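Chain naming follows the written order as A, B, C, D, E and F, and within any one chain the residues start at number 1.
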Amino acid sequence: MDKEIVKNIDKTKIVRVAAAHVAPIYLDREATVKKACGLIADAGQSGANLVVFPEVFMPGYPYWIWTKTTREGMPYFAELYENAVEVPSAATEAIGKAAKQAGTYVVMGMTEREGGTLYNTLLYFDNTGMIIGRHRKLMPTMSERVVWGRGDGSDLEVFDTPLGKISGLICGEHTMDLTRYALITQGEQIHIAAWPGISAVTNDPNCEIFNQVAECACRHHAVAAQSFVVCVMTPVAQDSIDKLGFADRPDMITTGGGWTAVIAPNGQIIAGPHTGAEEKLLVCDIDLGEIVFAKFSYDSAGHYSRPDVFTLHINREKQRIVEDKA
Amino acid sequence: MDKEIVKNIDKTKIVRVAAAHVAPIYLDREATVKKACGLIADAGQSGANLVVFPEVFMPGYPYWIWTKTTREGMPYFAELYENAVEVPSAATEAIGKAAKQAGTYVVMGMTEREGGTLYNTLLYFDNTGMIIGRHRKLMPTMSERVVWGRGDGSDLEVFDTPLGKISGLICGEHTMDLTRYALITQGEQIHIAAWPGISAVTNDPNCEIFNQVAECACRHHAVAAQSFVVCVMTPVAQDSIDKLGFADRPDMITTGGGWTAVIAPNGQIIAGPHTGAEEKLLVCDIDLGEIVFAKFSYDSAGHYSRPDVFTLHINREKQRIVEDKA
Amino acid sequence: MDKEIVKNIDKTKIVRVAAAHVAPIYLDREATVKKACGLIADAGQSGANLVVFPEVFMPGYPYWIWTKTTREGMPYFAELYENAVEVPSAATEAIGKAAKQAGTYVVMGMTEREGGTLYNTLLYFDNTGMIIGRHRKLMPTMSERVVWGRGDGSDLEVFDTPLGKISGLICGEHTMDLTRYALITQGEQIHIAAWPGISAVTNDPNCEIFNQVAECACRHHAVAAQSFVVCVMTPVAQDSIDKLGFADRPDMITTGGGWTAVIAPNGQIIAGPHTGAEEKLLVCDIDLGEIVFAKFSYDSAGHYSRPDVFTLHINREKQRIVEDKA
Amino acid sequence: MDKEIVKNIDKTKIVRVAAAHVAPIYLDREATVKKACGLIADAGQSGANLVVFPEVFMPGYPYWIWTKTTREGMPYFAELYENAVEVPSAATEAIGKAAKQAGTYVVMGMTEREGGTLYNTLLYFDNTGMIIGRHRKLMPTMSERVVWGRGDGSDLEVFDTPLGKISGLICGEHTMDLTRYALITQGEQIHIAAWPGISAVTNDPNCEIFNQVAECACRHHAVAAQSFVVCVMTPVAQDSIDKLGFADRPDMITTGGGWTAVIAPNGQIIAGPHTGAEEKLLVCDIDLGEIVFAKFSYDSAGHYSRPDVFTLHINREKQRIVEDKA
Amino acid sequence: MDKEIVKNIDKTKIVRVAAAHVAPIYLDREATVKKACGLIADAGQSGANLVVFPEVFMPGYPYWIWTKTTREGMPYFAELYENAVEVPSAATEAIGKAAKQAGTYVVMGMTEREGGTLYNTLLYFDNTGMIIGRHRKLMPTMSERVVWGRGDGSDLEVFDTPLGKISGLICGEHTMDLTRYALITQGEQIHIAAWPGISAVTNDPNCEIFNQVAECACRHHAVAAQSFVVCVMTPVAQDSIDKLGFADRPDMITTGGGWTAVIAPNGQIIAGPHTGAEEKLLVCDIDLGEIVFAKFSYDSAGHYSRPDVFTLHINREKQRIVEDKA
Amino acid sequence: MDKEIVKNIDKTKIVRVAAAHVAPIYLDREATVKKACGLIADAGQSGANLVVFPEVFMPGYPYWIWTKTTREGMPYFAELYENAVEVPSAATEAIGKAAKQAGTYVVMGMTEREGGTLYNTLLYFDNTGMIIGRHRKLMPTMSERVVWGRGDGSDLEVFDTPLGKISGLICGEHTMDLTRYALITQGEQIHIAAWPGISAVTNDPNCEIFNQVAECACRHHAVAAQSFVVCVMTPVAQDSIDKLGFADRPDMITTGGGWTAVIAPNGQIIAGPHTGAEEKLLVCDIDLGEIVFAKFSYDSAGHYSRPDVFTLHINREKQRIVEDKA
C-alpha cells in the first residue's frame, strides 16, 4: 500500500543496491581484491548504485577463533596480519578504481591494519573511487577480541551522498542499541549490516541462532531507524575450510551459512533472504520515498523521542594514545 | 545446547510465566476486573509465578482512533474515561487480592486516569497483592496521542523481585532504543512486552506488518538485553467490534489478531507464538540460569558496552507542573 | 651498603609482608574463602602486616581460555560466573573478618561480578577488615577478553595507609607503561604484582617465558617506581587440572608454575623467588627507609621527570553507561 | 615455537646487528674515532647491517663524577670538553665514511658539544654515511648532571629505515617510562639501549646492581614495546683507569664491567650477555617477522592500550632560549 | 643627595629590614626551626618589618656535594631528606606563628620536600603568619643537581604587600638574566638574594671568588631592577663541619664565610657587608621613596626597554607530570 | 687554580687586548682620528691583537647635556654633528689603515652620522682594516636622548673572529639585561664595555656611583656570560673642559674619571682598574681556555638555562621607515 501512495504522489527516489553474498579467497588479500573487483564490475553491469560486501570480506573472517585454541590460532593470526589491508594502500586503490569503472558506491568489509593492531572495518568508496569514510567495529565479540582492537566514536558517521544518507554497522554492534541510535540521530536512510557466516561455524556457541538474531536485529533497526537495511553475510567456502585444516570436521565448520536480504523501513523483507553456499549478488531497487511513511509513525530522533527524559552523550573524539602538548 | 550445559551444572532457576492472550469486556471496567481475577486464579492453579496481561487490557484498547474520525470517537473517549482505572482504587485492590490468592505476580495493562488525563499504564503487583510499581507509556503512537498523555522518566524502573529483575514496555516504546536501553542498564531479566491487537485493525496503516514488527522488536530486545521477553497481545473480540459499531465492516476491524510468545535471551521463541481470536493463557517455564550464557556473548551494559564513547543521560525526575519554590 | 646506611641513620620503617604462593579450591568460592581465611590467620601468626594473594585467587584462574575452544569453555564460564565474588558480599565479609582477626592488611585477587560482567579485580582490606579500595584490570590479555570486562581510570589509586603507600596491578598491566606510571606519580611504596600460574599452562603461547617476563617487569617497576614490589603468583594444583579434564594432558597444563618474590626499590630480589607446586607463605621484612636512596638516584615523578616534555593525562572518571540527567 | 611458525609461513625479515662491547681510547677523540672506524669495518665484514656503540663511547664516560669531588673532576671536564664531538665535524664525517664503506648503519654514543654545554648523545648514521638523526639524553642521572645538559622532546624520534624502525635511549632514560612509551607509540622495532660500564665503578652507589637493573629494563622494554633490544655497554679499560689516576684503587674502579646482549620481543636473550673486560663485537641475526606474535599478545600502543583513560602529551618542540620575533 | 631630595619632597616610605647572617643547627630541622623563631622574635624587637634568612637555612646547605664523592654523600642526603621541610607542616606553622608574634614578614630559605624530590625553596610569610608565596630555585648549580630538583615558571612571582613589592632569587639564579628580568617586569621593589656560605668551602672550585660574584650580581640587580636588594648569606658553623667529619680538614671547609648586605637601587651598599663566622641580624631602614630616582635613569621594564626589539616569553604554567583528562 | 689546570692540560688560547683609557681631541674628528691611529700603532707595537676605544671617542662625549640647558647646548650639538663620523668615510678608512698596519683588531666608539640623526656607535675593524660590524646603542640614557637616535635589533651581533667571538655594548645598555642576554646566546667570549667618563661630570646625578655601577655590571656580565670583559672608559681632558667653557667650574666637571679594566669569566679583575686623568693603554693577555671552567659552572645559554620557562624573542630586522611594497 505504501508504495502505491508513494507512486501516486510521485516522490519516488529509487536506488539500486547489490548485496554480495560471497566468500573471499581465504587469507589471500591480492586474490580477494581481484575477486571483489570482478563483483563490483558485475554489479555495475546490473545497474547497481551501491554494492555492499560482508564483514571482513578482505581477506576473510578468522573462523579459527571459535574452533581452535589461542595457541593453535597463532599462525593464522600471523597470516591474517600479513594479508590485512592498510588504508590507503594498493588494495584500497584497486577497489576504488573498480568502483569508478562500475560507477557505483562500494562498502567493503575488511580487516584493517594500523601499526601492530588489526581492526574490523567497513570502508566506504563513492562512485569516483574516493574513500569517503570508514567505520571500525567498536567492540569485537567474545573470541574476536583476540584478533581485533576496538574502534572509537570518531567514525560513527552517516555519509550524506547523492544516493541518500548511508551508514552501517558490523555484526554484534547491532545489539549495542546506543551505537545504532547514534546513527539514527543522523538521519540514516540506507543502513549496511555486515556479518560473517557464523551460522556455518558449527563449533560457535551461537551458530544455530545466528541468522535469526541477525534477521531480527536488521528488521528491528529498519523500523527503529525508519531506514532501509542492506544485510549482507558471507558464506563459508571450501577453501577456507581446507586452509583451516577442517576438511573432515563438520562438527567444527561446514560450507554455506549466511543470510543476505534487503529490508524496508517498515521491517518487511523486500529482497532475499538468500542463504547457503551459493554465491549471489542480490540486486534490489529501494525507494527512499517510502521513508516518510515510516517517519509518520515513528521518528525515533524526532516526534517519537523524549529529549526531556533521554539524552545520549557521544564522545566523537579520536582516542589518541599520544598527542602533541599544546 | 546451552540448556544442557545449564542442567549439567545444576544452576537452573525456574520461573513459570503465564501470558494472557485475552480480550477485555470492552470498556467495562468492573466486568474486566472480574475476568482478570478469574484468569489470575487460573494461572495460579497452573503454578504460574507471574501473569502478564496485554496493553490497556483494562478496559480495552481504543480501536476507534484508527477507524473513526476524531469527532466520531468523542463518545468513546468519554466511555473510556469513565471506565479508566485510578491507582489505587477498588479495581486495583481487586486485582491485588486475586494476585495474593493465586500466589502470583501480576503485570496488568490499563488505561489509568489521573485528573483529566488518561495514561497507558502497566501496573505491577507482587504475590502479596501489593502494587510494587507502575510504568506509563512515554510516547503514545500517532492517533493514540488523541487519547493518552505522556509518562515521564520517574517510572523507568526494573523491579528486583524474588522471581528476578522484572520490567516492561508498551508497544511502540520498543522502537525507542533509549527507553529499552534504560531498562537494560538495570539488569532486566524478565521483560514484559505489552501490545494491542493492531493486526486485526484492518484500517490501521501498520496492521499487516504489526505482528512482525513486534516479533522482531521482542526478539531483538531479548538478545540486546540478554533477558527473557514475555510478549503479550490482546485479540480483538466480537463485543469490542459490536460496541464500536463495526459488526459488518471487516475492512475496518475483524476479530482475532495478536501475537503472544515467550522468548529466550538468545532470541529463540520458547513458547507460542499464539495468535488469533482464541483466548489462551500461554504458560511456560523460563530458566534464568540461561542468562549467563547470553551475558557471556553480549553484556550490553557491561563488557559489551563502550561507556568511554556513549553515556545515556536519563532524567528520572517526576515531571511536575507546579512545585514549591526552593 | 644502602641498608647499612639506613641502619646507621636509624630511620628504618619495617613492614612485614607475606606473599601467598597458593592455589584456590578451584571454582569453589566458599571453599576458597575458607582456605584464604586460614592463610590470613597463618600470616597473622607470623607477624605479617600485609598478606597478598595472587590474581583471581578467588575462585581460580580460567585456564581453559588457553586450552579449550570458546564453546568448550562455556560451561566453565558459567561455573566461574556462579562462583565469582560480588563486592560486598558474604565472601568479602569473611575475608574482612579474617583480616581483622589476624590484624593484617589483605590484598585479594578475585573474579568480581557486577551485573552480567566479570572483572579481574584486586580488593584491598585494612587490618580492621574494611574494604579500602579496589582495582579492576584495565585490559584483559588476549583470550582473557572472553571472560573479563575492562576496568576504568576511576580506581587507579594508591592507598595511603599507616603501613605506607600501597597499590598494585595485575599481570599484563605491567606492560602498560602508562598504567604503571599512573601509580608511580602517586608515590607508591609497596606495589602488589599479582599474576596467574601461566608458566604451567603448557598450551599458552607465552608459558615458557612467562616467569621471566614477570620477573623483569617487577624488577623494572621496582626501580622505575622506587617502590618495593611484592610479586605473587598462584601455582596450578591438581584439583584444577582434574576439574578442567586435563588429568592426562601435560601438553595442555601441568601442576606447579608461578614465581613469587619480594623485590627492593633497587631491583634486587630480597625474598624468593619461590616457584613450583609447593604452596608457601613467603614472609619478608621490608624497610621503607631504603626508598629514599632509590629516590636519590631516580625520582621518576620528581627530579628525574621532564614535565616540560611529557604530561600524562588521565581520565579518572568512572565510566558510566547511564547517568542521571543534571 | 614462535620462530618455527614464522619460518613455516615464510615471512622472515632478517637484520644482522653488531653490538660493540668495547672501550674508547679514553678522552682522546681522534684515537677513538680511529678505533670506531676499525670496528665498523670489522662489523661490515661480518655482514652486519647495524653496528651499535655504547653510551658516550666517544671519547669515554666521565667516571670521575662518581669517584672524585667536583673540584677534583674539573681538569677532566676540561679534557672532555676539548675532546667532545661537534655535529657535524671531522669526527662525524669519519664515522659516516666508515659506515658507508662497511655498508652498515651505525649508532654512535658520544659526548656532543654545542656552545658551552655538553650533551650525552646517540648519533644515527645510515649505510651511506648520512646522519639521519640524533637523540640527546633527556635527564642526566645524579652526578652526571655536573657534566651534561638536558635534551628536549624534539629528538624523540623513531627512524623509519629500510632495516626497520630504529630508535634508542641512554642508560637511566630506560627508567623514565614516559620516554620509553614515546618511542613505543612510534612503532619501534629495533631499540638501542646504550649504557656505560658502571658495574666496574666500585665507588658508584649503584655499581653492584647496575647490570641487573639494565637487564631488567631492557627485557621489560622488549616486551612492553614488542621490539628487539640491542643492549650495549662499554667495559672499563686500563687506560681509562690510569688516566683517572686510579691504577691502584680497586675500591674506586676496576677494569671490566658491562652487559651486552640482544633481546627478542618476547623478552628472551638471543645473543650474549657478554660481560667483562674482553672486547667483543656481539653479532646476531634478528628476525623482525617475529614481532607480529608479540603484537598479538600486547600491542601497547594499539589493542593493549586504553586511550580513553590515558593520553600522553608530548612537547616535541625544540626548546630555544632565543627566537626571532615573528 | 638623592635622600635629601626625597626628604624634601616628603615622599619617604621606610621599611626596616633584617638580614639574618646566621647558621642553622645543621641537618636538624626542629632545632633550626627553634633557632629561626628566636631570631624572628629578636628581629621583631628591633622593629623589623621584614626578616630574611639565607638559602636553605632549614636545615642547612649540603656542603658535602663539593667535598665528598656521590657515594660518600649518600647518608647525608638521607639525613637531609628526613630533615627537609614539607609545605605546609608543623615546621612552617611554627615559623608562621613566630612571624605573627613578631609582627614581621619573613622570607625563609629551606630545602623543601615533595614526594621523593627535594627543592631549594624560599618561602614567604606575611606578618599574620600566612604563607603568601614560594619560589623554587629554577636550576641547581653543578653538584647541587644531585640533591635538588628544578622549579618551574609558576612561582616567578613578585608579592605585592603593604611593605612594597617583594620577591627574591637564590644563588646562581642571579646569573640567569632572564630570571631576574622576569621579576623586574613585575615592579620588584625589595629583592631578596639568598646564598649559602660557599666562600668557606675551600674545596669548592668557586670559593675564592664567591662573595665577589654575589656582590656584583646583587649590586647589578639593584641598578638593573631599580630595587633594593637584601643579600643574605649563611656562615659555616663548627657543628656543620663536625657533622660532615671535616673537623681537621681546612682544605675542605672552614668556619665563617658569607657576605650579608643591603643595597640601594643605585647599587650602593647601605648596610654591611657583614662577613665571617660571627652571627648577626643586620638591621637597616630602606626608603622606597628613593626608587623613583632610579626609575628616572633606567626603568628597565619601561622607558629604558625596547619592546620593539625584545620580548621575553615566560611559561608560567605549573609543570605537571600528570593531569586529569579534560 | 683554574689557570693552573688550564696550563697543565695545555689548552691555552692567548689573546692580547689593549684598552685605551684615553681622551679625544674634543669635537675635532680629524685630530682625534690621528690620535687614534697613533694609539693603534702603539698597541700594535706592544703585540696587541685587539685595541678597544671608549664610548664615542670620536670626537668626544657630549658632556654639555649634563651641565648645560638644552638651549645652551645647541651650538655644541652643531659642532658634534659636523665632526660626527659617516660610515664609511675618510675617517673610518684611516682607522682601518692603522689597524692593518698594526696588525690588530680595533673597536672604536664614535658618534656616527646618518642623514640628520646621530648615533652612539661601536665600529669593529679586523686586522686587515675591514669594517666587520657595527653596533648602535639601542637606548640613549636620559639627557643623551637629546643627542642620539636609537639603534635597532639588526646589529646585535657577536663577531666570530680568529681571535674569538667578540661583541660589545655601550654604557647603560649593560643594565638592559635582555640586550646583554642577546649577546650571551651567541657565545660571546670577549665583551667590550664602552663607557664615557661620567664620574668626572660632577653635575651628573649619577657621577658618584658611576664607576661602581660600571664595575658591577661588567663583572656581573663576565660571570653571567662566561666571557672576558674589556671595560674601557675615557677620562675627561682639560681641552674638553675648556671647550665647554667650564675651566673654573669643578662643580660642573673636572678632569679625570673613568674606570678601565679587564675582567675574567669568573668575575675577577685581571688588569686595572686604571682610573683618572692619566692616559694609558692597558695591555693584558687573556686566555680563552679558561672559559670552559666558567661554562662548567654556569652556561647561561646552555645547561644553566631554562628554555622550557623562558624564550627571548628578538626582532633582528633593520627598522626601516620606508619599504617597497611586497
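Before moving on, here are some points about what is shown:
The rule we apply is simple: a contact is a pair of C-beta atoms (placed from the backbone, for glycine too) under 8 Å apart; a residue touches a chain by one contact, two chains touch by 3 or more.
These figures come from a predicted structure and were not determined experimentally.
Looking at chain A and chain C, the chains that touch each of them are B, D.
Across D-E and E-F, the chain pair carrying more C-beta contacts is E-F. Each chain's centre was taken as the mean of its CA atoms, and the one lying most distant from chain C is F. Taking each chain's centre as the average of its CA atoms, chain A and chain F sit 79 Å apart. Once the centre of each chain is set as its mean CA position, chain A and chain D turn out to be 48 Å apart. In this assembly, the C-alpha centroid of chain B lies 71 Å from the C-alpha centroid of chain D.
Contacts with at least two other chains are made by residues 2, 153, 181-182, 293, 296, 305, 308-315 of chain F. Listing the residues of chain E that touch chain C in their complex gives 74-75, 77-79, 81-82, 114-118, 146, 148-150, 152, 319-326. Across the complex, chain E is touched by residues 65-71, 74, 140, 142-143, 145-146, 178, 203-205, 309, 311, 321, 325 of chain D. Contact residues on chain E toward chain F in their complex (touch as defined above): 1-2, 138-139, 141-142, 150, 152-153, 156, 172, 175-182, 184, 205-206, 208-209, 212-213, 215-217, 219-220, 223-224, 266-268, 293, 296-298, 300, 304-306, 308-315, 319.
Interface of chain C with chain E (complex): residues 2, 5-6, 8-9, 11, 153, 181-182, 185, 187, 226, 291-293, 295-296, 299, 301-303, 305, 307-308, 310-316.
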